[in-house]
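Letters A, B, C, D, E and F mark the chains as written, and numbering starts fresh at 1 in each.
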Amino acid sequence: MVRKDGRAPDQIRSVQIERNYLIHPEGSVLITMGNTKVICTATVEEKVPPFQKGQGKGWVTAEYGMLPRATGTRTQREATKGKTTGRTMEIQRLIGRALRSVVDMQALGERTIWIDCDVIQADGGTRTASITGAFVALKDACDKLRQAGSIKKEPVREQLAAISVGKVGDQVVLDLCYDEDSQAEVDMNVVMTSSGRFVELQGTAEGTPFSREEMDQMLVYAEKGIRELMQAQQGAVT
Amino acid sequence: MVRKDGRAPDQIRSVQIERNYLIHPEGSVLITMGNTKVICTATVEEKVPPFQKGQGKGWVTAEYGMLPRATGTRTQREATKGKTTGRTMEIQRLIGRALRSVVDMQALGERTIWIDCDVIQADGGTRTASITGAFVALKDACDKLRQAGSIKKEPVREQLAAISVGKVGDQVVLDLCYDEDSQAEVDMNVVMTSSGRFVELQGTAEGTPFSREEMDQMLVYAEKGIRELMQAQQGAVT
Amino acid sequence: MVRKDGRAPDQIRSVQIERNYLIHPEGSVLITMGNTKVICTATVEEKVPPFQKGQGKGWVTAEYGMLPRATGTRTQREATKGKTTGRTMEIQRLIGRALRSVVDMQALGERTIWIDCDVIQADGGTRTASITGAFVALKDACDKLRQAGSIKKEPVREQLAAISVGKVGDQVVLDLCYDEDSQAEVDMNVVMTSSGRFVELQGTAEGTPFSREEMDQMLVYAEKGIRELMQAQQGAVT
Amino acid sequence: MVRKDGRAPDQIRSVQIERNYLIHPEGSVLITMGNTKVICTATVEEKVPPFQKGQGKGWVTAEYGMLPRATGTRTQREATKGKTTGRTMEIQRLIGRALRSVVDMQALGERTIWIDCDVIQADGGTRTASITGAFVALKDACDKLRQAGSIKKEPVREQLAAISVGKVGDQVVLDLCYDEDSQAEVDMNVVMTSSGRFVELQGTAEGTPFSREEMDQMLVYAEKGIRELMQAQQGAVT
Amino acid sequence: MVRKDGRAPDQIRSVQIERNYLIHPEGSVLITMGNTKVICTATVEEKVPPFQKGQGKGWVTAEYGMLPRATGTRTQREATKGKTTGRTMEIQRLIGRALRSVVDMQALGERTIWIDCDVIQADGGTRTASITGAFVALKDACDKLRQAGSIKKEPVREQLAAISVGKVGDQVVLDLCYDEDSQAEVDMNVVMTSSGRFVELQGTAEGTPFSREEMDQMLVYAEKGIRELMQAQQGAVT
Amino acid sequence: MVRKDGRAPDQIRSVQIERNYLIHPEGSVLITMGNTKVICTATVEEKVPPFQKGQGKGWVTAEYGMLPRATGTRTQREATKGKTTGRTMEIQRLIGRALRSVVDMQALGERTIWIDCDVIQADGGTRTASITGAFVALKDACDKLRQAGSIKKEPVREQLAAISVGKVGDQVVLDLCYDEDSQAEVDMNVVMTSSGRFVELQGTAEGTPFSREEMDQMLVYAEKGIRELMQAQQGAVT
């Protein structure tokens, strides 16, 4: 099988991560993966949600949105609709959980980091690009807190990135673009740390159920992709 | 490690599935797994959602709810709150996707099956119990359609069940009750078919990330549990 | 006139009240009247609403819901709709008012009892069954508070039950099932105490207006039915 | 007992009904009962709600509102709150049901009459004043339809009015003002037709439950008040 | 050009301002401009919004509504719709801003004045009539506060009124009624103080853009109209 | 007075307009004015809103949003809040009205152009930058329709741009940045066409009312700024 854009099955799209993309946020990134572009920002708020109060621990939470014309046909604005869709809620819960797994909340101290991921152009893999970009924005915000002396100990325990992998026809492929995703039999999102451990694994058979062997191959591809994304995170320029 | 309720690490809780639990729905089940109790119903509606119209294919969709005192402390009613929470949306999307994966939409014809899963008592594993129970209600509704001559070909391709598995402390355990779930390092929900293939795999590191080896052991336990649930589904009495 | 199910005009349906139906709530009941089944729970919360604060008095409030397939055709979930219907609000206000009328708020002390009535199967008379069942759950919750020493004086002043009565064709009938209710000329809900006094009386001419004489006969039937329900409340088993 | 405003126990407040109060609606009334003032309008719409379509029958529906400063302290606007309260829903359902009971829907033909009752000043009895005033607006709108030849047969079968009655202390009193209502033991709303039959009867024990004898006396007072209101309706000037 | 109702191009409609129109509010006015009628009330609340707390300064805020049949065809109730429309928000923001511009917040002290403008009959110019009427209600409420000794210094710095002006065909006209407004090329709302300075100027080309000369003429007309309205405000009777 | 960023009172900030900024929309622009950055897109939909149907005329409508960290402190997402704020509604109504004023709806034909303006970085003047940028996106979308032969006659009648002008202290200044805007006495937004006529004029005295002379000076500055913006629109590169 030849992929539409000529990539090898285990090849990710071209990635750029531009740091300090905006002037206001404590951390901000524009991540580009192929035609997918997401603005990820990290905001420090000097308080925690009620359920967390008085425990000396911090919190990380995430919200996700898409510009109406990030997509091929216009998507109705959730603000206009008056509610967030199930898809959006699922994604923002995923981003929040993933980032929390690598943050030492004790070290962060009683403050919240708000992550906002806004897709300005979508071509598949927006949730994984959001996690990969948001990690860099989060790290930058934490570095500012350390430089300002607000926190003493590094709160970010490990590097974190995410990628999608799936099965299109009979072929396992890495980093699906929208066209591939919309005809995939299986779609799996994988979030890993630099120590090679899993934080999230969400595999869904959109078409036919998948075997253990197929899952194993998907995980091999995913790990390869995540290693490459971690290099892009490290090489991100301002 | 001894589990609080004396179960072996790979042992599921006692399961009962009571069919035809209610008089009105086309399919209805009360599933009991330990102290978790869910009413699952299947409703046949002779039309499909707009995006599906005129293609001769059916649709399966699911909604999930919890009675306010299904839980240890009272949970505010979503109807009162005026919106479904992210958790509810995530669960009902999962149930719908899982059931759709074993239904031949062409065979079902242009009609919708609504699945409703309402937790009347919660003690962990409500989303997986919902899937396991809903499968039986769905099958019963389809059988009625076949008996009535409304459909010719069996639309249910395979049997389907779901279970949770996780890591509590250093121990992998099957079918977590609420107490175990609330202190788990890893929580994974697995949906499988009778052919032993995966439909959904959702693993989350609530505490520390998990290794490939731990994942492998979780999958072994999950498959064992799902085999036992499938026997309970087959033995379900009216 | 012979009633469809063979009952005499002044005969109620068969009633069962099962106490301690659920493990979590302070009081919980499954009440069955013919084919109508309602789960009623009572939750104790150690605070009162803002308008009641600092007066040393308690509060009782109620919420009501119906599972989507409690009814013959599926009813859309209020959580999905994003709001409670006028019918639901009317019913939950009625249940709350009725129960408050027999509670000594001073004796209850500054705490709230939340009543939740959830219809799992509907065949007419769900609001009156809710009141009759909720009374038992409320009493059980209060007994627990007394046993725990949290309250000194019995807060429940009298026994309370409710029933529907109406006019179908020219015949006054007691405890209407859904079929009777949907063709009734007049529909009246009566809530009474064990001292034979009225707490609520809501009569509506769905078809033609009703005379004073018809109302008088309806009240005689209603009182008979309520006496029988009070015996069922006393005989409720765990 | 002397009533605060010097009225006898069975005396209603001074009533004025001003017809054609506004220039746009098909029927419009300003009803004044003591200090309570309600604008009631009737709007003819040449279609019926979906559930009523194609049956050659009409529909009557009602909505109710209150200006924020109709009351002693400002009430938050329901438009701002984003939803109608339970009280509002209960009242508008009552007004609609009451008016529908005297309308021959076949004679009205496939059209809807919208009733809007907006309280501009509240001093007790707003829901009953709304019904009494709305009846006149409804009749005027129907008369216009007949004059225009749109309908042949008179759709209004009988005259309709409503009043509140209650028990304050030990005394049964008619047409309670706000001060009386807020300390009433019992509050009952009665809707009657000119043939002396009941359309709605809603009695609530706010304080202590009430006996059969008390109810009987309340109904005698209510009937007296409604007869007087019907004279005011007939004498309403433009 | 002759205007439909015979007015000269720079002539306003007949104006009445009735003070103390309602018994409950601290200030209340019924303003009538031709067929447009608006009830304006001012409510004093002894607290300020959170963002204003602890600064010793007051606040003025406004809300606006329309009865469903204030208009020629029935407008859906915003309470039923579950939200305020953009038009309503725009108008209430305008009314609030306009009134705040002539109030000395320091002199008012830490309290809020709520302005409510409810249109009971609409025939164009409801937002400007609201401002003109609300100014009188606001002044009355402030006078009561001064008489009660709650405030020492007059908080109302200047008199304020508003009017609409526009271009219908080629003719600049003052105080447009609904018919003129719906065919206007340009619609401008002007809010001025008694010192002849502008508080708000909102000109919109509904049809074709307008020139600087046309704008100048509109401002001349507007100032004339506002002078006349200020006399009506001063002559308002109770 | 020297402006904080060294600009002359009648000097606009540096402007860039980047066309075809996104791959999906029919027209898309990134407009940068100083630190304010807005993505403006134009989407062609081959239908019109219900009120416009069957008249052979088109429609232009606009929506506006802001990323949460477009601002100095994080602004809550309107999708999360469940509604658009009054400010947003006001702005999107303004953008829509302004663009419609230069479009020949007959020439456009029965289709809608959706304008979306999303602020990714805010430093004052976002609504006027939105209009200036959206005009270019709208023109590009119309050009595509003409190239495709879908429309015959040019629907864009004139060029359109917008700018803010105001009074800071005693000084009239053009194109206020956020710091200036937040301390301005007067804030005015002006929308003009290339023929030098007004489409919208919205002047608000945030502090003290303004005189006719001040208004005249503001309009001179505004016209100068708009001329310069029109050159930037013409020079916009892909």
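By our rule, a residue touches a chain if its C-beta (ideal position, glycine included) is under 8 Å from a C-beta of that chain, and two chains touch if they have at least 3 such contacts.
A quick note: this is a predicted structure, and the numbers were derived from the prediction, not measured.
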For this session: Report the chain pair from A-B, E-F or B-C that duplicates the D-E interface, where duplication means over half of the contact pairs agree by residue number.
Result: B-C
Exercise. Is it true that over half of the residue numbers where subunit E touches subunit F are used by both copies, so same, or is it different?
Worked result: same
Exercise. Just how far, in Å, is the C-alpha centre of subunit D from the one of subunit C?
Worked result: 28
Exercise. Quick one: subunit B and subunit E, Cα centre-to-centre, how many Å?
Worked result: 59
For this session: Any chance you could list the residues of subunit A touching two or more other chains?
Result: 82-83
Exercise. Drawing the touching chains as a network, do you get a line, a ring, a star, a complete graph or other?
Worked result: ring
Exercise. Under a traversal of the ring that begins at subunit E and continues to subunit F, how are the chains ordered?
Worked result: E, F, A, B, C, D
Exercise. Taking the complex as given, what residues does subunit F use to touch subunit A?
Worked result: 22-25, 28, 35, 39, 41, 43, 45, 63, 65, 67-72, 74, 77-84, 88, 114, 116, 118, 120-121
Exercise. In the complex of these two chains, what residues of subunit A are touching subunit B?
Worked result: 83, 86-87, 89-90, 92-93, 97, 101, 158, 188, 192-193, 195-206, 208-212, 215, 219
